[in-house]
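Letters are used for the chains, namely A, B, C and D, taken in the order the chains are written, and counting of residues starts over at 1 for each.
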Amino acid sequence: MTRRASMAASLVGFGVSVAAIFLLPSVLELFTLINATIYVSMAILALSLALIWGYGGILCFGQAAFFGLGGYTYAVAAINFGDSTWAVVLAMVVPALFAALLGYFMFWGRIGDVYLGVITLTMTLIFFKLFNATAGDAYKIGKAALGGFNGIPSTPPLNLPWDVGSPLAPEDIWYIAASLLVLLYFGSRWLLRTSFGRVVVSIRENERRSELLGYDVRRYKLGIFTIGGAMAGISGILFANCVFVSPTMFSLFYSAQVIIWVTVGGIGTLLGPIIGAIALQMIVAKLGTLEVIDPNVVLGSILLLFVLLVPKGLLPLMQSGFDRLRRPKAPVPVEPAIRPTATPAARRPEPVSAPVGSAPATNTLGGS
Amino acid sequence: MSSMLERRKVLKAAVAGAATAATGPWFIKDLYAADEIKIAGIHDASGGLDLLGRPMIDVLTMAVEEANAAGGLLGKQIKLINYDAQSNIQYYTQYATQAATKDKVAVVHAGITSASREAIRPVLKRFNTLYFYNTLYEGGVCDRNCFCTGSTPAQTVEKLIPYAMKKFNGKKIYVLAADYNYGQITSKWVKKYTQDDGGSIVAIDFFPLDVTDFGPTIKKIQAAKPDIIMSVLVGGSHISFYRQWAASGMKKQIPMASTTFGLGNEHVVVSPEEGNGILASYAYFHEVASPANTEFIKRYQKRFGDKAAPLTEVAAMTWHGFQLWAQGVKKAGTVDRMKVIEALEGGMSYEGPAGKSTIDSATHHDILDVYIGEAENKKFKLLQSFSQQKPADTAAVCDLKKNPNDNQQYIIDVKV
Amino acid sequence: MDLAVVVLLQVIAAVASLVLISIGLAVIFGMMRVINLAHGEFIMLGAYAVIYATRWGVNLWVAMLVVAPIVVGLIGVVVERTVIRFLYGRMIDTMLATWGLSLLLIGAATMIFGNVTAGVSAPLGGVTIGEYQTSLYELVIVAIVTAVVLALMAVLRFTQAGLIARATMQNPAMAASLGIDTSKVYAVTFGAGAALSGLAGALISPLSGVVPTMGVAYVAKAFITVISGGAAIITGTLSASTLLGSLNTLATFVATPVIGEVTLLFAAIVLLRILPQGITGKFFRRAL
Amino acid sequence: MNAPAATTRTTRVEPIIETRGLVMRFGGVEVLRGIDFGIAPGELRCLVGPNGAGKSTFFKCLTGQYHPSGGEIRFKDKAIGGLPSVEIARRGIGIKTQVPSLYDGLSAREHIWLAVKRRIANTGGLLKEVPIAVDEVMESMGIAHLADRTVGQLAHGQRQMVELSMVIGAQPDLILLDEPAAGMTHDEVERLAALVMRLRGTCSLIVVEHDMQFIRMIARQVTVLHQGQVLMEDDVETVLRDRRVRDVYLGKREVV
């Protein structure tokens, strides 16, 4: 697509999403709207992983850690301040800071691929265990009791900035959540076009090369990791507003789900994970009420089939299908028409390791 | 999403036009909703708390069926919507929201753990939907929108501790409690009553609901050498404790009492060697030998056949809770929330399988008959009963007559 | 004094149980560089195999030591043939695919067995050590785990099958050119790993409740133990289990089970930071 | 033979890069066994040797991809042995690796952009200068027509040129080229040679190459590596005539 066409597409997309944001509350009943808000806030979580994993190449099994931290920070701060304004700010800052710390720990330790996965997963488990064990009276932050397994059910809803007297209704929270999703999506697109974003992508493509060009890979990874952490925190705030804050926010369930959404939607895209998140949540919710088949069976089968058959995910699949339709009309290009689909190397952030010993078979023999 | 909505509208219209509503798909029932009273049940039919949840669902279902067979309520049929929260607190909030905003039910009977209650109580309060919580719990809830029909520590633990100390001839108690608000607060009551009766607490250990390995704890208990073990453990995972305790041979050495053993039919799940001799105290046991209970169990077993599990306080109080609500509706002549609350506050009382329950209008808790039992070969042997116990713990902090707008759970300041 | 012995026994039991829940995953990871996130569900299936076998009248020990490993081992072979073999060399993809499989198995088990807690009673009674009582069954588990580890070592080091397996894992192309049917080796190895997971589930079943979701509690721990151990299957698992299991148990004694778990997890994180390739990435590199 | 090279030659200029007794061991295997090497600023040096002589390992030590087991590396009179790659790259060493190391999903323009942006950011220049500089580099390297093509889809020779452009676009003081002519057509090799000649003087170059045609086109001084040591060092014709060199290296290949 040319730059102008993609610009036009963005504008159309933007227009449609704005229209949807304002139309939905008038057509949906309250319950459905609340659910839609949950879907949208989870889509922001998917977007955060799309950045970290899909563009930063950092396999994070612990997106739930930032998500949960965001939720808890918001709840604790809002209860203490009474006003949600600074709570929102804090709930982005705390997960971001934590991501920065964890990132510093990992990237400066030169920890790569699977090991990143293990450490982020472990971190999430630690949070889960710790927050689950805070039921006692001793675990209070200011006025807010952490509540252990029970969580913090009485989290105050968002209010108008610096106006405690105006708590927002579920409709208002919908507007906020949906606008944030649109904003963060276009923000992410912008981010990836900045020089920072381009370097991040280059690192995913070939970390060694960027290093040999003189880029301090660790800093860029840390940057995108921190941004992703803050974004997951935002998702946590919204979740706290439409469900409630409890240790399950740190559970494997959310970490797993978000990875599934990104995989199914298309790693290395921004829109794909958003679509994946919303579509899969709707499917699972539908199946849950039908009670015919266990939602886990569906979710598991979808992930399995996608990894085996559609490893690039839904969006790239649709795009290449679209391109193939358009192709005959376009002037035939001079070069052999290798589509990105044929270069699986670009798909996964880290070069994958083969069974022991078989990996670098060809190239090392050629003289050193 | 909007296309789904579109389809639903189209279907609604089509079905309405054809007037074949009776055979229409499930989502069209809204159409003739006016003829029936909808109520919701939210319990755990699966997951770690299923042992507690399923009898509650069965009993609630049976209560509605019997009411409908007897002509319904205010001349309308009652439609019960059962939600399975899958032992996941998040589903409680979700389903409570759904019941209140989508189904627009008249009352919600819901919740097993105190965590689940505290998750849905604010939701139902916000959406003005009446709430019945029918499980025994740690006490202290003060909310005019909520009726708590189960027993609280002042009714049971207060009796159980001196009984156990006397029977087992010991004063040092080691407490194992589930790590959430029920376990935290109940263990305080255990401490208070132990000290009131001249005993002492050796240690209180808390366990998250997913802990299954009690090996180190069992060694710790041995090192502490208590006279009595007090179990405030909850749910499927914690059953491992009774198993591992017996397997280590400790069961013969140190006797045990519990505020929860048997409530989820733990005594049926574990073997007699693992369960026999454990003391417990509830407002109802399956073995209560009143004619009302015998008759009730007969109907229950007839209805559910092989699936019929032994009934416990949570099931019986679900029954009592529904009956109390139904009486309130009849008295008010409407399902309107405030009118029903006012009717119930007039000292409404029901006599059923668990004896007589009377609503204490100041606390919205029940005045109950209480029993102490001992596990024996997958049943309970009743040792003593206490009639018409008041919810003194909650009454000490909550007076909804004076403060009708009160809305919180008091963490009762136990003097220890 | 007695207490010290009892604590030591408890530590040994904890280490053994960590080895038990990790060894199946370690075999598959060490030999094939595949991280099987459906490992927890293999454990769960092993536990259910015991529940059903005993219900049908099979002796408990036969059910635990024979039926469960065979059943789960066969399931493992099927999984390898239908899923894993398409993904060799794509570590992240195998993780995702087995994660999908894990969800699928949890869901299927929920539909088939119901989401209810089942269980069998622990066999054997207690033994007395001075003033203390401990479960004889725990000691039996330690013995079984020791036997399994020794047997595994012997198979890998001294048998022809072990040699073929090691050769294939080291250099599949070379092994294939020597006439070894590598795909068969992979299938058998995966099956063997699954069988070990099944055995773990079987031995755990009398100690904890059996539910479709029980695997989740084990997979993360096993995953962390195996990665902390590094590439060497037996040495890695043993050393990581010893370190993490001891820390966990001691912290549980001193504080609470939660602190015990958290200590284990923190230790693993710090370990991986210091030794990014796991313990055997740095030490005992030539070990099995 | 073991005397510090280059510096003893005609000029007494400080070498831009110099190694003394550089040793690299992998487990028990010593791949570099005490290499003394150096080149003057602006010099172009060819490095030849049979497979396994240690050429790529040597480059990896120079660029910080390997931490030398022993010996010293000095660049612009500062010790750089064991520094991380980033730091070395920032001090002005660029490398084109043996197997093209590219970003397969990015366009050629993005490749050059990454190189130029690093250089301009390093020298405190303005980011808005970057696009202009990128165009200049692509123009001068003759790859402007590839600018928007995804590099993963390019032919091998084109990929070599993109990587080379990237290295040159960063304007390092020392460029290491590891088999730049491999897989190129004859025309491409000639263009490459012309390019290398053009670079001479603006920066220092070390070129590893097997293609003797190419070496003859560009080189004056040649260093021969053999079994991790410097076998000899002299002008290209002398080296190619040397019997030892023929024995260890040329005899095995039918290049000359």
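Going forward, a residue touches a chain if its C-beta (ideal position, glycine included) is under 8 Å from a C-beta of that chain, and two chains touch if they have at least 3 such contacts.
Since this is a predicted model, take the numbers as computed values, not measurements.
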Shortest chain-hopping distance from chain B out to chain C: 1
Per Cα centroids, the chain farthest from chain B: D
Comparison of A-B and A-C by number of C-beta pairs in contact, larger one: A-C
Whole-Å separation of chain centres (CA-atom averages), chain C against chain D: 50
Distance between chain centroids, defined by C-alpha means - chain A, chain D (Å): 41
Separation of mean Cα positions, chain C and chain A [Å, integer]: 31
Multi-partner residues of chain C (at least 2 other chains): 110, 256, 258
Residues within chain B bordering two or more other chains: 179, 206, 208
Residue numbers of chain D (touch at least two other chains): none
Chain pairs that touch, as defined at the top of this document: A-B, A-C, A-D, B-C
Interface residues, chain D side, partner chain A - complex: 31, 49-57, 63, 65, 84-86, 89-90, 94-95, 97-99, 101-106, 110, 113-115, 117-118, 122, 127, 130, 149-150, 152-155, 166, 170, 179, 210
Chain A residues touching chain B - in the complex, by the definition given at the top: 24, 27-32, 34, 36, 129, 132-133, 135-137, 147-151, 153-154, 243-244, 246, 248, 282
Complex contacts: residues of chain A adjacent to chain C: 59, 105-106, 109-115, 117-119, 121-123, 125-126, 129-130, 132-133, 252, 256, 259-260, 263, 293-308, 311, 348, 350, 352-359, 361
Residues on chain A engaged by chain D in the complex (per definition of touch): 195, 198-199, 201-202, 205-206, 208-217, 268, 335-336, 338, 340, 343, 345-346, 363, 365-368
Chain B residues touching chain C - in the complex, by the definition given at the top: 45-48, 50-51, 86, 179, 205-208, 210-213, 215-220, 222-223, 236-237, 239-240, 243-244, 246-250, 253, 269-271, 273-274
